[in-house]
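Chain nomenclature is as follows: A, B and C, assigned in order of appearance, with residue numbering initiated at 1 for each chain independently.
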């Protein structure tokens, strides 16, 4: 039987960070994820912003964990080998009303403990962002704001936890919960069963239905769809910072930001129309374009390489829920972790493990905990293309697959692709390879390399190419062998 | 570091013809850099016939056409580095490349011919609403699966884009047992060859919907259907014209883009109109000793023209290596009325007879194709129809070029 | 008199052909070359097409093939089935005849080496 001290339900960034934190102690831990891979929900379709911390009302969980998390993020990313950039953010004002709001935000930010925060005038703003609209009057400049790759962070934290002994079960859709002595038994839709003493519900958009399985109806969540457009790296210098509209009664705009990989991200929209399918819409595209064009001059929409949508869960308490369930002993609920959830995740994880899990079940420190995660050969944390020529040749000498470029747009080698399939958490799908390596994420969107990636996946897993999927059962790439 | 005379980036039809031409013009120290494990480029997956009518006066398949040039390269014992990707080219013609055997290595060349070809515009660039399930392919990717890998990417297919690759794939998928339900074209005309509409669609009763586009993709794991709308003259979908089609596969054949990422690393100046390098009639770019030819320079209709252009580049590169750069005066060639792009964009005044290629911006009837310079018409030809899908030419004689005083403007005027 | 309209597939020009049938006499209009005339007449009498597809070799490789002459258009699917049901010897190379006389005078030949 599969008995664990702690089971984390949901492979998003919050669950991932908690899983990793748990492996710092001598605990037997498991993550169950209902999709075929981790980072498939809100941690994927995410802006990737490490917020400075002036948004949330002082005293809320959001404010507290935002500032704490932002301070931890750099170290976490360095340990996990995740791309991270301190680009700073600007909340841009377009009216006198907006300027007033900036002052409120500045005050609140200082109260929340945000450092290096100031309001800048038009001239300085122009100097920082030459492409900003001429209508912009000034901005709240948060030097400490950063960008990070949200799914890389999720994957890396789970991978590192697995390197430290955590287990992962994917395609595990929890449908039944029952007490079994000191354990709780979770049953998946396919009949698999696992036992855990403490259950952490970090199921993101599914947190409410998971809580309900435990008889906990203490909170309600809703979904907001967010749509994004991504521009080619060629347009990567459109903006340098993350640009926000000033929040106002007229509603939220979209953000315009560089990504850590050098693309430009526009979005998200925020739609509550009851449609649970994360799909893009013509209205969404129109809204993003309208807003982005208000923010910047001449946005190069011809350079859009893809668009996507994701659902974000919010909760009726309008703050992060981080608490032990009153309805079910041994259940810890993490719900409504919307923005700034990504930023807060490392701090939430520390809090949940130190203040909640260890109080329920004491454990010794794991002296063998490995902090670092490497992507190449247990030596390098960077993508292959960022190595020096000498480093590259060292790697190729050991493994010839690093001498073969498979994804020409992003410069990804066969070695990196095979590594993503072998390393924790193993990529099993074309999208899994893409999220881990960026192969297929460039301007041709996999047109040239997909067929080769399908072959490599089949080869590594010892299956037919017909079994290889885009992102799980039912999404097979190929339907049959030609006649 | 290794020093060579001529580096050719890409072993497709352009690179092969350029290599042979340079060799036959006296340059023996040539290296072709090819990222795939075999020469021939995209022709290898174009197993249909119709190639080579202009050049060989017979209808060859893609691999057969490629093979004639591959044989030519082998006979001349021209060095080919396969499975070798060029990572960077500098304007000083220093090439950084990578492969499994040599690792990352550098080669310095006296001249370089860019022959990287083009890539397909992806579905992602179109902002189509809906989900992102499996079953969405560019036509070329589907072609690779069917013809090279031997697998079917779907059974119930719709195709967006009636360019030649879209049309060819409609026939190909049908012959392999798939049901191709329809081909949709945003424009009021197909950019594909008429014969391909006849033999790829009409032969199989596949409907072609002009002025239509896909406005939504449906399906969670796999595509289950699409919504198609008619478009107005501004190519905007018309509300109320939505039609639904069940399908498991959508192929996109929505344009080709010259792949100039390496050209940029070498500071080669690109034309926003042709999306390829700005060249003179020798196919030399703004960077001395770097030449370009084939689809990386301009997207051609026929491979026969690619070969022809590559031979110009090959010959020019050998001249450059043997005789050095000739400094002559140049005049520019500009796009006039109804002209999308011209190539070459510069002419040396001492140039030989030169064909100037161009494309029109839209379908034109009873059109006069003109070249003017200094207020004088130096070339004029009438044509019944000119379409964007077919490359047009203007021929300028050596005498006319040497007499040029200022820039040449190419236009296509309708009376 | 009957009249038929075709688009010529012989070359990229794609001439609009008209065939007028007067008893047994066929007159072709709109062609720019001899091949167009031949094509148009055949389209009336018995339309023919070149088939291109792929076959598999005994050792599981793929080889591109074509009919070396146009074959009956109406039998295209039948011929594709026939071509696909055969396995090619592993040593085959470009230009080899793989199936003789799939239709009178037309062979299936390899247009690539196995890959």
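Methods note: a residue touches a chain if its C-beta (ideal position, glycine included) is under 8 Å from a C-beta of that chain, and two chains touch if they have at least 3 such contacts.
Treat the numbers as computed from the prediction; the structure is a model and nothing was measured.
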{"item": "Farthest-lying chain, centroid of Cα atoms versus that of chain C", "value": "A"}
{"item": "Chain at the geometric heart of the assembly (C-alpha centres)", "value": "B"}
{"item": "Mean-CA-position distance for chain C and chain B (Å)", "value": "27"}
{"item": "Rounded Å distance, chain A centre to chain B centre (Cα mean)", "value": "39"}
{"item": "Whole-Å gap separating chain A and chain C, where each centre is the average of the chain's CA atoms", "value": "55"}
{"item": "Residue list for chain B, restricted to those that touch at least two other chains", "value": "146, 148-150, 176"}
{"item": "Residues of chain C whose C-beta touches two or more other chains", "value": "54, 80"}
{"item": "Overlap residues in chain A, where contacts from two or more other chains coincide", "value": "482-483"}
{"item": "Contacting residues of chain B [partner chain A, same complex]", "value": "35, 83, 85, 87, 96, 98-104, 119-120, 122-125, 127-134, 138, 140-141, 144-146, 148-155, 176-177, 215, 220-222, 248, 261"}
{"item": "Touch list for chain B against partner chain C, complex", "value": "38, 44, 47-50, 53, 59-61, 63-64, 67, 146-150, 175-176, 193-195, 197-199, 202-203, 301-302"}
{"item": "Residues of chain C touching chain B in the complex", "value": "6-12, 14, 49-54, 56, 62, 64, 66, 73, 76-77, 80, 94, 111-112, 115"}
{"item": "Chain A - residues contacting chain B, complex", "value": "229-230, 277-282, 284-285, 302, 304-308, 389, 392-393, 396-397, 400-401, 403-405, 408-409, 411, 443-448, 450-451, 455, 465-466, 469-483"}
